[in-house]
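Two complexes come next, and they have one chain in common, chain A, joined by chain B in the first and chain C in the second.
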Partner chain A sequence: MANESVATKSYPLYEARKKVGAFLRKIKFDHWKGWIYLSPAIVLLLIFTAWPIFNTVRFAFLEKYSSLADLNPDITFEFGLGNFQYVLEYQYFKDCLFNTIILCVLTVPISTFLALLIAVCLNSIKALSRFLQTIYFLPYVTNSIAIGMVFAAMFNIVGLNRADINASTSLGIVNNIIQFFGGTPINWINAGSGYWENIFVMVVYIVWNALPFKILILLGGLQSVNKQYYDAAKIDSTPKWRVFTNITVPLLSPMIAYVVITGFIGGFKEYSSIVGIFGDTMGPPGAKGRLNTMVGYIYDAINGSTKQYGRASAAAIILFLIIFAVTLVNLQVSKKKTHY
Partner chain B sequence: MKVELQNLTKIFPGRNKKVHEEVIAVNNFTFTIPDGKLVGLLGPSGCGKSTTLYMISGLQQPSGGKIFFGDEDVTDLSPENRGIGLVFQNYALYPHMTVKQNIMFPLQNLRGPDKMEKEAMIERAYEVAKLVQIDELMDRKPSELSGGQQQRVAIARALVKMPRVLLLDEPLSNLDARLRLQTREEIRRIQRETGITTVFVTHDQEEAMSISDLIVVMKLGVVQQVGKPQEVYDNPTNLFVAKFLGTPPINVFDGEVKGGKLYLGDAAVLDVPGVDDCKVYVGIRPEGFVPAENGALEASLNNVEVMGRDVSVVSTHVASLNPVVRSIVDADYKISKDDESVRFDLKPHKVFLFDKETEERIYFEVK
Partner chain C sequence: MSEVKNVNTNPEGTITTMVERDIKKVTARQKVVKVISQTIIYIFLLIIALVVLFPFYWMIISSLKSLTEYRYNIPTLFPEKILFENYLVAFTEGKLDVLFVNTLYVGLVSTIFSLVITVLSAFAFARLEFKGRETLFAILLATMMIPGELFTITNYSTVHKLGWINTYTVLIVPFLVSVFYIYLLKQNFLQIPNELYLAAKVDGTTDLKYLWKVMIPLALPTLISITILKMMGSWNSYMWPNLVTSKDSMMLVTNGIRNANFSVSAMGGEGSAADINYPVQMAAVAIVSAPLFIVFLFLRKYIMKGVSRSGIKG
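Presenting the complex of A and B:
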């Protein structure tokens, strides 16, 4: 009886505090220590990631936005899809998209397959394996612009813009080798070179550049595969190719999926490799911007004389949607094909 | 298929390159495995039993000696050409394949005249699966099977191509105690039904004794004794074999032979005619003790453990090299836990004498 009377008596302030406390506990604000520890990372992420993402989306949907307008807060812009429409109808953007997709579709499968082959070979070599692993990893730690310049020199000396001199089209080690075997030298990247020649050089360069990371991942995967699977296969007189396709590849499938997905994501963001070969003209002399990519287009739109933030943002969002879709497809496919 | 090992030797180079040290894993192993028998290679870890098995399989090359399957010299033959089935300790089932695919995998590798149609392969796979009683599980992945089931799949995969010799590396070590009992019966049954010459490796003497036709006891790469399990148990050639076989283990004493009598401590416990006077190790099997009121061997009683049919008498004796003397006697003998001491007579054929230096058996006439 005494208990009942205590319970029915009400203390409004106490009740209110209890409610607030329960609410705070619910949203975990009482874990204030944890939030303080996380705050440096959260603040940095908010400033350098969340805020730019928010602005990208905002700019993309603002019609005819100009950064100059920030000086006058009275100017407002309409919301609309104008930037997307403009970008998608703009031929140069479509060319950039095409370049990006071509490079992606060519380089990711080639580099993954080569990396797999090299990783398997490296894994089966006993002597010098450490040394060879280091050599194969070198491109990863080398500046990609520097590598690009070396590649440019191997194919043609770029930037001389000496289309009038015949010699310039036959320069470079690659052409020397072609000539040694009696072929005619090809104008790879100099003024007057063809689009597919340019793409070929880009593919070779990007594949070479992408190999070390993939080899590293796949080699790591291979070394964690139980050797007894191979002993078992050996006893059952399994041919080498069957060991590769039926044992090695399935057991490596999680790593292969990872390498392919990150490869596509990286491929769609291709930019610096083209700068490495062609410089920031993004194309051979006389064909400026011919090999430009999506990211290149975004940079150009921001840095151009007109500062087209809206179009750059729209392009960035389109790029994001493409990467998102491709990754989703990749994940769906790998879900069926990988064996964890 | 008869398997003959002649002076088989395996030497592993030392890891340290500066100090030239070698590890002799298997030393001069000569043994013939009769056709259709189940042979257990038995020994403690590091005794070279697995190395021997891997040399028979061809996964490891012997440093010396020869291996014959029947009359064919297979020493230099690679594993795929030997026609063996090998079951790995952790089964090595391909995790991305179903049970059916795992079992069919060896068949799909067959080339030339042995090449099989797909229907024939499936039929054979089911046949073998039925033999090891996993035909219900054919569409599962190995990760969805219990340890015992995985074990059977591994055996099925080894059997499916009808190997000339079946090799099992510690086949039961990954199973729990109950499954182990069950699976070892299974292995015995499968081996009987197929009649394939089978070699298996184990460090568990009980396992080896219970299912093998022949056991080979090894120590540090050297074969200690070969024989039928019961023979080896009843007639160990040296102290190591005597100690290694039997649960509970044999009781070892310091003893002395004087004038044809064996002394443990001060008491003469047994007549051992034909043995010269010397100090010896004495091994007495737990079942070699017979409680007797005027028994020759007196030990102070620690405990009596009732096990139903038998009674385990735990006692201590000054000459014993084990912490306690454990004897198993019939429950009909009434021994009270409260007694200070207990007296035994010894069964002569359960008493073994071993040389103090060489630890080799010293035989005496059993009347």
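Presenting the complex of A and C:
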């Protein structure tokens, strides 16, 4: 009797274990199943990700490789560093590189600092906090080209390029505000405008555009900071700015590092915000391409009538190396400065 | 120091009252400081909010002005006469109907296919065991380091050779697989206990059924985030559509609106080609911006969650 009851009780358990065992054995055998699930992704990745990595490097080392190769398969291209040499010696590329670096160096610190300030302020208030947070996030859900056109309208002087300057013209709302405070209007983006005025407009727009993401990340970080540190500081009656530099910034350092690194990566790929304000001429009328960036250079090289794949590839690899180096430096610095 | 003096000269009862008074004084001062600092903080935050909102405000009121009013020397902060016609003109001049249909089509089709591919891949990486799984995943993650422009060059040459220029295919297929989405969903799938999967196996449930009945419902928030990011991506993409489409009938919203001709002369007015009819252009921008705003209002939580994990725009 006793024996039988044990048998019936353990029977389902035994059976289950057997099934699981069989299943586990089966898993080992059907390696192919994983690959089948992955096959759509792998096919597409092979064509549009793996092949391009190999091929773009190949393009870059084939001197003067261009779309002429498609028309005439008999053309051969020499293997060499000619594309890199050409790109690096080409003044226009240097200008593009300079513009990119200037925009990065100006916008990343400004936007990070502003975002940090805003996040700390947002974290210290109760009423309206959520409402303001939503407002600050709005620039993120916009089309950067479309809103760039709004900024262009705000800085634009209407009618400067018309024969009759005295005809009813608007100086643009930004100049109107400057006049209101007693300043002199500035030619920001129209024909004949200066380089640094153009850069100023771009910095304002890029910072405006970059704030939402940074505020979101930094505020998220602040909200997860342990309140004990602040209580301790309160008991010691530490001054506010000291709390900021000695507690908030060190505790937030991983998030700050994160927004700085992503900011630099995004900054080196700056392109569409300039198209938004200046159009694809990448500069004010009469100074075409003056504000072009590295991505813009790559894009122009493959968009011409003869597609300069070789030079574009060389420029893309240079861009990759710069981003890679900047990221490494950032990581090294943040490793030293990050207090975790 | 004064407290020490008090101790020497006064009876015990007064000590406490003196200390209490001191504490009260301090808290009163702290309160004043707090009120002042809170006021400064609020003023600062409201100014920033105004700066953030101003372009949107300017876009909307400009889009309602007449061209003459827009060109006033002293600008009006609210239109004298509200002109909704600008929106109509913008819609027809900018051919926004074509742009919207194209963008929605490309966005929807690419989102659906992208979701299917992402779910299958994330499931394979999270639950199925096969040789080389970890290596493959590491390689995929490594490709995220490479800027997209490097791929664009060869992809452009590839689609040229395939004869895909000016088709919907070229706008959809090259971007169906996103390593980042696979990574995001895989992380989410891993949080679902493996015992559920083994139990389902014991019951003889097929993988696909388990995926559909258990994994997808549990990972729904991530899937919604992916959907929104993908749709936003189609809505905002500029470079690739501009590169691979030249026909007006194939343009998407962003490159369509940038290339649209809103000059005064194109609309039958006097002026050079560079003379833009800003009210109409602003109306077009407002129409294009509206859908994202509406989506944001309803799905704020998912968007912000998705964005804070992605670090990429679109």
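Note that in this section the second predicted complex is superposed on the first by the 292 of 340 C-alpha atoms of A that agree within 3 Å, B and C clash if a C-alpha of one lies under 4 Å from a C-alpha of the other, contacts with A are read in each partner's own complex, and residues count from 1 in each chain.
Rule of thumb we're sticking to: a contact is a pair of C-beta atoms (placed from the backbone, for glycine too) under 8 Å apart; a residue touches a chain by one contact, two chains touch by 3 or more.
The structure presented is a predicted model; accordingly, all values stated were derived computationally and were not measured.
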item: Which partner reaches more residues of chain A (counting touched residues only), chain B or chain C; value: C
item: Touching partner for A:228 - first (chain B), second (chain C), both, neither; value: first
item: Which of chain B and chain C A:153 touches, first, second, both or neither; value: second
item: Which of chain B and chain C A:71 touches, first, second, both or neither; value: neither
item: Touching partner for A:138 - first (chain B), second (chain C), both, neither; value: second
item: Touching both chain C and chain B, counted on chain A across the two superposed complexes; value: none
item: Touching residues (chain side chain B, partner chain A) in the complex; value: 57-59, 78-81, 84-86, 88, 90, 92, 94-96, 105-106, 108-109, 157, 161
item: Complex contact set, residues of chain A against chain B; value: 226, 228-229, 231-232, 234-239, 242, 246-247, 250-251, 253, 339
item: Footprint of chain C on chain A - complex, ascending; value: 16, 19-20, 23, 27-28, 31-35, 37-38, 40-41, 44-45, 47-49, 51-53, 55-56, 59, 67, 70, 117-118, 121-122, 124-125, 128, 132, 134-147, 149-151, 153-154, 156, 158-159, 161-162, 168-171, 173, 176, 208, 211, 213, 216-217, 220, 240, 258, 262, 265-266, 268-269, 271-272, 275-276, 279-280, 285, 295, 298-299, 302-303, 307, 309, 312-313, 316-317, 319-320, 323-324, 327
item: Chain A contact footprint on chain C (complex, rising order); value: 37-38, 41-42, 44-45, 48-49, 51-53, 55-56, 58-59, 62, 68, 70-75, 116-118, 120-121, 123-125, 128-131, 133, 136, 140, 143, 145-158, 160-161, 173-177, 179, 182, 198, 201-202, 207, 232, 235-236, 238-239, 242-243, 253-255, 257-258, 271-272, 274-275, 278, 281-282, 285, 288-289, 292-293, 295-296, 300, 303-304, 307-308, 311-313
